[in-house]
Amino acid sequence: MSTTDLDALAARIPDGSRVAIPTSRHGVAMQATHALINRRVRDLHLVAVPTAGLQVDLLIGAGCVKTVESAGITLDEHGQAPRFVAAVKAGTINVLDTTCPALISAIQAGEKGIPFMPMRGLLGSDLLTHRRDYRVIDNPMASSGDPIVLLPAIVPDFALFHAPLADCHGNVWIGKARELMTMAHAARQTLVSVEEIIDTNLLHDELRSPATIPAPYISAVSVCEQGAWPLPLPDRYAADNDELCRYVLAGKTDSGFIDYLNKQHKPPSLSIAATA
Amino acid sequence: MTTATNQPGFSREELLICVIARLLQGVDHIAVGVSSPIPGSAALLARAIAPSTTRVTVLNSRDLQDLNDGVSELFDQAAQGRIGAFFLSGGQIDGSGNINLVGIGEYPKMTVRWSGSFGSALLYYLVPRVILFRDEHTRRTMVDKVDFISAPGRSDSGIYRPGGPRALVTNLCAFRYDKQRGRFHLESIHPGHTLEEVLDQTGFEFDKPDTIPVTTAPEPERLTLLRTQLAALIADPYPAFAERVWKITALAR
Amino acid sequence: MSTTDLDALAARIPDGSRVAIPTSRHGVAMQATHALINRRVRDLHLVAVPTAGLQVDLLIGAGCVKTVESAGITLDEHGQAPRFVAAVKAGTINVLDTTCPALISAIQAGEKGIPFMPMRGLLGSDLLTHRRDYRVIDNPMASSGDPIVLLPAIVPDFALFHAPLADCHGNVWIGKARELMTMAHAARQTLVSVEEIIDTNLLHDELRSPATIPAPYISAVSVCEQGAWPLPLPDRYAADNDELCRYVLAGKTDSGFIDYLNKQHKPPSLSIAATA
Amino acid sequence: MTTATNQPGFSREELLICVIARLLQGVDHIAVGVSSPIPGSAALLARAIAPSTTRVTVLNSRDLQDLNDGVSELFDQAAQGRIGAFFLSGGQIDGSGNINLVGIGEYPKMTVRWSGSFGSALLYYLVPRVILFRDEHTRRTMVDKVDFISAPGRSDSGIYRPGGPRALVTNLCAFRYDKQRGRFHLESIHPGHTLEEVLDQTGFEFDKPDTIPVTTAPEPERLTLLRTQLAALIADPYPAFAERVWKITALAR
């Protein structure tokens, strides 16, 4: 594990990487995403675990994405993700649609080093029709025919997210967002931005240890205050709805989006601190 | 356009909440997805009038859920049979109960694209009592055949499917889902609306009785319950909704 | 959830139940086990997750067990579990031998409500030969023949364990012993003894929440100080090796075992406190 | 019975530790199960003389592991290829590398019953470098054919098996495992022991070179390392062992 700045963190992700990212509520590495966009990464295969929003929309709009695999791309109460919708209509990205539990199960299969995980549901849906990588078998545990879907394991090249806390040993504390642990276990490398780094050992902290990702899973950590802004970080800060409204407005058009991207994007509290 | 002959003593939202609450009777554990204020309020009403063991989970709320194991927990609970009722909707819903949360046109390069299927392709199969709710009943939403099946209304025999649609509630009326026939059956039309209007706005065929009842108005004691005890509770997960419907803001913590 | 005494807790487990229990290191409900023995429970199907020791040995010796499913029954540095070994030789119990990851995976399948979980390994072992409930299929994700074992899900009637802490709402905090969470999720009912009950909501405690089993999974909680004694409770107390030595000695013979069972079994510190 | 002609400058344990440490060269992550003081010490020695990225996990130790996700984590790591070396043993080990951790006699009502197979039926298949270690080399433990296969030494082609036995180290000698032939090949005999003794105490056939080397004695600098820096570290997971071999007790925390 090494501590590094956001640009160096972003530089670790080569073009064409398969990158797992969390839902908008559970700690999105938004500032690291801007660093990725700045370095003009291309052809990413994004795996939303299991849904995503602003982060994917920015990356799509900036031309960084080849494929997005998700159960839902949405700006939640702010509506549709405009660049995602535009790209789908234009046919410029490849969309792998699925359902939330299928994505989670596939990542759990990656975590467990098994080739697939079965899941109930999906049969007779067009999701299944369009997923050539999913398989249907007869449940071998049943006495008579009982078709069930098998999902191939997902082993992302990277997991990328933002967490409240890391320690000086490279352990990362995630709180209740359990799927961050699953993602880190499943991915070949995990890159994390955090609000702060503390000088202790989280694994020896009886209270924090159960929600701590041990350092061996973590390839690099960057400190970035309000790193999820304008998305929320659980138990730390809420979404910045004004900023999200600004984005929705800007994202409606290609030129509005480009203007938005070219502006400085800093949380207001940090801008104030910097000015003062 | 319809005109109510006299002013009812309840709002449209209150009516829908009470209609849905009746569909939740006897359910031990009702789970509610994000951004679902009317189903969520109905679930809380159902809990308030039910035995004390009835439980409501509202996703992403602070006080109305006890999920703490990441995104998978809700789906694992559903697959285990730990969830008795859930709510789904659709950009399109068709007469077979198929729902479409993906878009309009030919997949994948669709002319209209929505967010995606979320958990529907598991929950619709495994939760015993799924209530379909859509506040916009038009030929755009209630279609003969969905353009994309996020999850089907019915499955072939031999497919493991303990769950499925129980009812479809819209701003115009309430349908019961006939599992055997894989079709909707019109149960009642909401006060102020007509069969003509329903037929006009529905793109799919459905069964109906000879005489179609008017949807039962909210029970007075339930209305009182909603407006007194429950409004503040509902304001926790749905502040904008509670503010609009009952002019109430969430209790300070 | 209801708070109850150990006898009432034990009374909830009918004869013939399938009961999941944790390893000796992760919080065994030893005092509740004595209550089970006292109520003369019979024909238990114990599922060690994934190994066990003293608890299983006592239950076997007391004639409570029909079947034990495990990857290992051992008193660790105190050697073989004497009543287990005697019962195997006498043929009085049914042993379902397996390997640790198979048991964990099967419980995880139970947690996920899926009928089976695949696992690498096991092929060509006599474990597999003797497990008629395990199936081998050709991995449908592979292009050519690739046999893989499928383990049927385990849904225990009960999970029974001891944890450091519960709250007045019935939430139970387990610390790092993650498989207790898995067991509680998988089991139809979960019965727990705890060191203490605190007057707060563990789910609203940012630090404890990630390792808290929510109350809906918990059927009953009993308060029992040193409830794992003479086994250890992580971060609370170590094993009582003197007591374990006494047990090993006593367990060598049928009569020694009966004498041991008939004695009062209280942690020394509690005996002292009671005398003082 | 053999007699050492002159007193060696090292203990039996130190010799075995150094033999095993040599087998661990180049491994990024070495994991050690419970109650394995000699392999555990070897792993720590291997780490001390290896690049700084080498990692050792000692199960159930406080400071020598960073597993915190329950019992499954180690096995998941092995299945993912995150563990390079592990140690197994057996109540019986046979000439094909099959190990038996279950018992002697006909299963299930065996005449001798051991604890069980633990994680062997996954780890033996998936960890690339499994070192078999057994401190008792007799015809009771080194058998022609095990009574029960907890995990086989070799699998048919077509079976996914990235891992398996690399070597068998006993109190008498060290074998290399020939994966192609599925047999052990005698590499060296420990100082003070003879081929005659090895043949006498081994129940299985094995390959051997014409001249059999004596096992290399511990490298002086490694002996020093063990006795100075490492002994206190080893005393953390294995206090009784460190006390017996080096008269050292664990550092206070």
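We call the chains A, B, C and D, going by the order they appear; numbering starts again at 1 in every chain.
Operating definition for what follows: contacts are C-beta pairs under 8 Å (C-beta built on N, C-alpha and C of every residue); 3 or more make two chains touch, one makes a residue touch a chain.
Treat the numbers as computed from the prediction; the structure is a model and nothing was measured.
A.B. asks: Determine, using the mean of C-alpha atoms as each chain's centre, which chain is farthest from chain C.
C.D. replies: Looking at centroid distances, B is the chain farthest away.
A.B. asks: Count the C-beta pairs in contact for A-D and for A-B, then report the pair with the higher count.
C.D. replies: If we tally the contacting C-beta pairs, A-B comes out ahead.
A.B. asks: Go ahead and note the Å separation of the Cα centroids belonging to chain A and chain D.
C.D. replies: So the centre of chain A lies 41 Å away from the centre of chain D.
A.B. asks: How many angstrom lie between the centres of chain C and chain D, each centre taken as the mean Cα position?
C.D. replies: Chain centroid spacing, chain C to chain D, equals 30 Å.
A.B. asks: Between chain B and chain D, what is the gap in Å from one C-alpha centre to the other?
C.D. replies: From the centre of chain B to the centre of chain D is 61 Å.
A.B. asks: Which positions in chain C touch two or more other chains at once?
C.D. replies: 105, 112-114, 119-120, 139, 146, 148, 176, 178, 181, 209-210
A.B. asks: Where in chain B do residues touch at least two different other chains?
C.D. replies: 68-69, 72-73, 76, 79, 126
A.B. asks: Viewed as a graph of touching chains, is the assembly arranged as a line, ring, star, complete set, or other?
C.D. replies: It is other, because the touches fit no line, ring, star or complete pattern.
A.B. asks: Quick one: which chain pairs are touching?
C.D. replies: Touching chain pairs, listed by label, come out as A-B, A-C, A-D, B-C, C-D.
A.B. asks: Which residues of chain A touch chain B in their complex?
C.D. replies: 23, 25-26, 49-51, 70-74, 76-77, 80-81, 84-85, 88-91, 94-95, 97-102, 104-105, 108, 119-128, 130, 139, 144-148, 176-179, 181-182
A.B. asks: Can you tell me which positions in chain A touch chain D when the two form their complex?
C.D. replies: Against chain D, chain A makes touches at 110-114, 155, 171, 181, 185, 203-204, 209-210, 212, 214-216.
A.B. asks: Where on chain B does chain C make contact in their complex?
C.D. replies: 29, 55, 62, 66-69, 72-73, 76-82, 126
A.B. asks: Would you mind writing out the residues of chain A in touch with chain C in their complex?
C.D. replies: On the chain A side, the touching residues are 105, 112-120, 135, 137, 139-142, 146, 148, 150, 152, 174-176, 178, 206-211, 235.
A.B. asks: What does chain B use to touch chain A in their complex?
C.D. replies: Touching chain A from chain B are residues 34-35, 60, 68-73, 75-76, 79, 101-103, 107-111, 113-126, 148-152, 155-156, 158-160.
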